[in-house]
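Two complexes, one shared chain (chain A), two partners (chain B, chain C).
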Partner chain A sequence: MNSSALIHAVIDGVLTGSVYALMATGLTLIFGVMDIINVAQGIFVILGAYLSYALSVHWGIDPFVGLVITIPTLFLVGIVVERAFIGRLKGPEKTAMSILVTYAISLVIEGSLNMIFSVNDVQISASYVTKTFRIFGVYFAYIYVYGFILAAVLLTALYLMLYRTRFGASIRASLADQTAAALVGIDVKRVSTICFGIGIAVTAAGGMVFGATNAFNASTSYDLISRLLVIIVLGGMGSLGGALLAGILMVTLEDIVGVVWSPVWSIIAFYIVLVIVLSLRPQGLFGKQSARIA
Partner chain B sequence: MKRRGKLFRAFGVTSVAAATVLVMATTSGASSSSSIAKGAPVTIGISLSLSGDFSADGLAYQQGYKLWAADVNASGGLLGHKVVLDIVSDASSPTQVVTNYQKLVSVDHANLTFGPFSTLLTLPAAQTVNRYGYAMLEGAGGGPSVFQAGLKNVFDVTLPVAYDLQPFAKWLTSLPASTRPKTISYVTSNDPFTQPVVQEAQKLIGKKLKTVYNNVFPAEATDYTSIADAVAAAKAQVVVLGSVDVPTVSAFMQAFEQAHYTPEAFVATAGPDQGAAFINAVGAGNADGMMVPNSWYGGSKNPASVKMVAEYVKKYGGTAAGVNADIAEAYSVGQVMAQAVTATKGFDNAKIIKYLHSGVTMSSVQGSVKFNSLGENTAQTAYTFQWQGSKFVEVNPVGDPGSSKILFPKPAWGN
Partner chain C sequence: MLQKKNLLWLAALAIALFVPSIITNPAYRQIAVITLIFTACATSWNMFSGYSGYVALGSAAFYGTGAYTMGLLAVHWHVPASGDMFWLVPVGGLAAMLVAIPVGLIALRVRRHTFVVITIAIFFVFQLAAINFGFTGGTGGLTLPYVPWLIQDYHIPFYYVALAILVFAIALSAAVRRSRFGLQLLAIRDDEDRALGLGVKVFPVKLTGFAMSAFTIGMCGALYAMMQGQIYPQFVFDPIFDISIALMAFFGGFGTLLGPILGGLILESSQQYLTVSYSNGSLYLILFGVLFLLVVLFMPQGIVVYVKEWWTKRQDRMAAASEAALAPGINS
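And then the complex of A and B:
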């Protein structure tokens, strides 16, 4: 094993992990505010990828430029889904029921995508997808760097929205305690709806980068959701910073183990770390043990 | 060809379906139905991956089975009985496939059963129908694990996967020392289909080429960047990739291009055989020189194959080169079953199993079919195919009448 391979693995991990973090941020935001485990997040990522693919193939719109269309579109899709299905979930079984409801939603979307795009794998292409630049003998693919920058910009925007705006304060209040937030006049229902929309909207960006770096079809969502769920469990359910750190940690650790030891151990190594972390901190790296007591 | 599996998808449906079937199975006895009333259809039970990881192949298999059923019905059916396909989806889950075949046999009372897609699903499927005395005729369960299970009811009409890379290995090692590549990398998914293929290739190539990278990656991987980068860093002249689908091959190809690394020969166990689906994912320029083992391709001169391809193109569109090999595999299953039914003059699964084990040589769109005691088809030839421009051509065995000259070394990416 040479040192440049190790450095490359770390850089790959950070660049790719940030995109996974972006996808997982939506998931953790939705859980944090609404107590909803959205297992449809994977298919929303793929929906975002397909939207970018369709804009690119049929209208020649660059995938990054296309985000101007796909992000608001998925935000609206999120709003509709929340109003039609998620917002109707009530009572103590709400979280458990949300798994079934979102699973059903993912099946419907998967079936629809299969009908529209067929099950054949596709990939988003653009001139910079295979282009690279070289620093100290190591090639860097533009698409991963652009993906990292996109993730950084969107996560920063999300952070600023949460910590520098009045609406962000409403979200954080709802994250901490929905009942208390409602008592001080916050419209928790409205906050939940918008949060769900935001949580789905970020998948447009994550999906676009994923679709440009991987061939995909609708069933790819099953690989994605299992990883996204693991990221938010490790980072702490409801923690945005935790999702960011866990996403980067997961991919970087897997890449390093793959290079230093063997790829077959890479996922196992990550799960060993997950078990150790959860043994010591059952709430995850940044989860608050009492935050969800409502 | 044969793909990986996932458990997650089965989570929501398996338990409910299993409980339902269990209750129904206890109230309705299951047996191999050998006699069918005059005028009644013959029902063939099939579980296919119509969603989930194997969905692309599952749907191609469905097309192949349906194409065969339409043809056989157009010519009067099986022994005068109209063929009805009872197809249920297993969502690519090894658990669900068991539930499905239990239902097909004990609840739906299918007369015959055809196999699902992939080695991963075929083994549990064959074990399940074996309990009821049914033959499991299949085309995508070619991994050694299927044949080493001690089952007497399983028959794979396709060449066993372990032999897939034999012609490639033979061609590579027979090159003159002056032109033969010196280094090779082996990288494979830990899948029951891919690993035996790559291991067999390694055995055949031996030390004639120096192995500079040899590793296995988890089938659950979603990001192949670091693995592909490691392979690229080894800079082998030849890469043997144990891939299960188009996305895996596509990811390696993209990473190689990004690393400015073009192997002189690049063979993948599955993916490039997916016809138009492969080209759409990787781009025609990148496909040039990519190789894949298989036992059939759309340009096959076999008259039955030519007829089937023409029917397929008429019904679904596209070109002969774009026809997925899964179609031919599924169609062959139907053809072999039809010959067994005709020979045994009925639908008695015990007689069909005995007939298929008799050493008789049958025919299919993929070529000859003759089963050994394990249910492997020993009569077929392994071929290697290569994308040359927009054409998918046979390149070895070298000297085979249908073989074109191999494109070696592989052109640079994107040409």
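And then the complex of A and C:
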């Protein structure tokens, strides 16, 4: 191991981590507002990746330009899924049921993607995916920087929407307390539907960058969803800032362990950190300490 | 009424005892054994998750622990490849239980929603460990001593051991439900804070339930490993396993005694049959997903509750109808 490899791991981790943070933000937003654990988030990322892939292969549309199509498409998919399935869930076992429903949705999408695209790995290609530049004596592909900028822009937009608009205020109110939000006249049902749409829409961007930096097929979604779940638990479920920080921290840590020790164990480090943090802070890094256990 | 119920259970057991004589095709006998194994897993999963409301989605960690305990001990203790290996089945269960205690100590500290996610994470640690540690044989898997029984009747002993495990799981689940301990679990499911306030020692209760359910699931894993003769990390530590047994419990009736039994028998046998009949895995994923969605959306409380409600409504209707028929007679 040398220091340049370490610097590489850190920079790489921060750049990639921001993309994970974006995807995890969608997941934690959905949980915070709706009490829904969306285990289909992983397959939606892959769906986003395949959409960008198909656009670039069949119509020659650049993956970044293609986002103009894929982000609204996945937003609509999210709205439809929420209206058709998720919104119908109620009762004390709502959260547990939501895992089953979203898992079922992810099975259907996985099967369909396998049929359409086959199970062979693909990767999104563009000139900047392979083109590199030098920094601190190490080479980076441009895609990592572009991905980072994209994630930063979208996260900023999301932040501005949440903290500077009236609709954002109603989302934050629903995050804090659904009943109280409904009492002051917020249409919580509408807020939920749109939040689910936003939560899925960000996967289009995340999936595009993921698909350009990794070879993927539909079953890659299992690995993705387990990481995303760990990130949001670590950050504190429902905490947007927590998801952002935990996303960057965890991916950076994973890269460092991969360099210092072995890539085989890097993913385990991910889970071990989770276990340690939760033994000390069961509510996660930024989670609200709730008086009620349930 | 109670007498009638017991008779039904006995009748079901009697039928179950004769299944290997009725089904003679080894492929279908294997389906029968796997169905029993999954039903036992669903029943004991429900004994903890269904009663306490803490949905665990990492039980494959215990299934795999049981399977690897069987595999490693059979190899290293030079257990003769015969029926003697069945003695390792409860050992697999104990190993799973021992593993479940530290897992529970970490996972049960958090809120119910976070618990789900942590069990998933812990499951992935187990899967990765099985893939990466040397002694497990890695992705190449582990070969067990192969019991030299005739292919035609190979599955019969496994069938009866699986049936015994299932009977054990059902008896345990029924006993827990009637006991003070079961009431404490149910109280936790209804309102954990209130249960705590009323003096239920919630943490030890949850941990005990969690470890007990791991015991049966570990035994099932051990039996499965012995029957297959070869285990791979990605098949005994399978995320689909977790979601399947949860689905079985929800399909039949989450938190009921009968629910996971019906769910396991119906879903696993049809799933195995479909896998054997259709080679197209993708189509099968879609079918399974759609079935899954229909169940959760249209029978959210499971078939047991659904049928019970339908029956009560029917009885009410019939009572109303007979009253209506009687009414003119009374008037005249």
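General observations
Going forward, the second predicted complex is superposed on the first by the 290 of 294 C-alpha atoms of A that agree within 3 Å, B and C clash if a C-alpha of one lies under 4 Å from a C-alpha of the other, contacts with A are read in each partner's own complex, and residues count from 1 in each chain.
As a working rule, contacts are C-beta pairs under 8 Å (C-beta built on N, C-alpha and C of every residue); 3 or more make two chains touch, one makes a residue touch a chain.
These numbers were taken from a predicted model, which means no experiment stands behind them.
Aligning the two structures on chain A places chain B and chain C in clashing positions.
Once the two complexes are laid over each other on the shared chain, residue contacts for A:272 go to chain C alone; chain B is not touched. By the touch criterion stated above, A:283 is placed in contact with chain C alone, chain B being left untouched. Using the contact criterion defined above for the overlaid structures, shared-chain residue A:264 touches chain B and also reaches chain C.
In the superposition on chain A, A:82 makes contact with neither chain B nor chain C. When the two structures are aligned on the shared chain, A:100 is found in touch with chain B and with chain C. In the superposed model, A:16 makes contact with chain B only, not with chain C. In the superposition on chain A, contact is made by A:110 with both chain B and chain C. In the superposition on chain A, A:226 makes contact with both chain B and chain C. Of 61-69, 97-105 or 259-267, the chain B stretch that intrudes into chain C once chain A is superposed is 97-105 (criterion: clashing C-alpha atoms).
Residue overlap on chain A between its contacts with chain B in one complex and with chain C in the other: 100, 103, 107, 110-111, 114, 222, 226, 264, 267-268.
Chain C meets chain A in the complex at residues 53, 55, 57, 106, 109-114, 116-118, 120-122, 124-125, 128-129, 132, 191-193, 196, 202, 239, 243, 246-247, 250, 254, 281-286, 288-290, 292-293, 296-297, 300.
Against chain B, the residues of chain A that register as touching in their complex are 2, 4-5, 8-9, 12-13, 16, 100, 103, 107, 110-111, 114, 119-123, 125, 129-132, 139, 141, 144, 213-220, 222-227, 251, 254-255, 258-259, 262-264, 266-268. Residues of chain B touching chain A in their complex: 6, 8-9, 11-12, 51-53, 55-56, 58-59, 92, 190, 215-218, 220-223, 225-227, 229-230, 233, 245-247, 250-251, 254, 257-260, 274, 276-277, 280-283, 413-414.
Chain contact summary for the complex, chain A toward chain C: residues 31, 35, 37, 85, 88-89, 91-93, 95-97, 99-101, 103-108, 110-112, 114-115, 222, 226, 229-230, 232-233, 237, 264-265, 267-268, 271-272, 274-275, 278-279, 282-284, 290-294.
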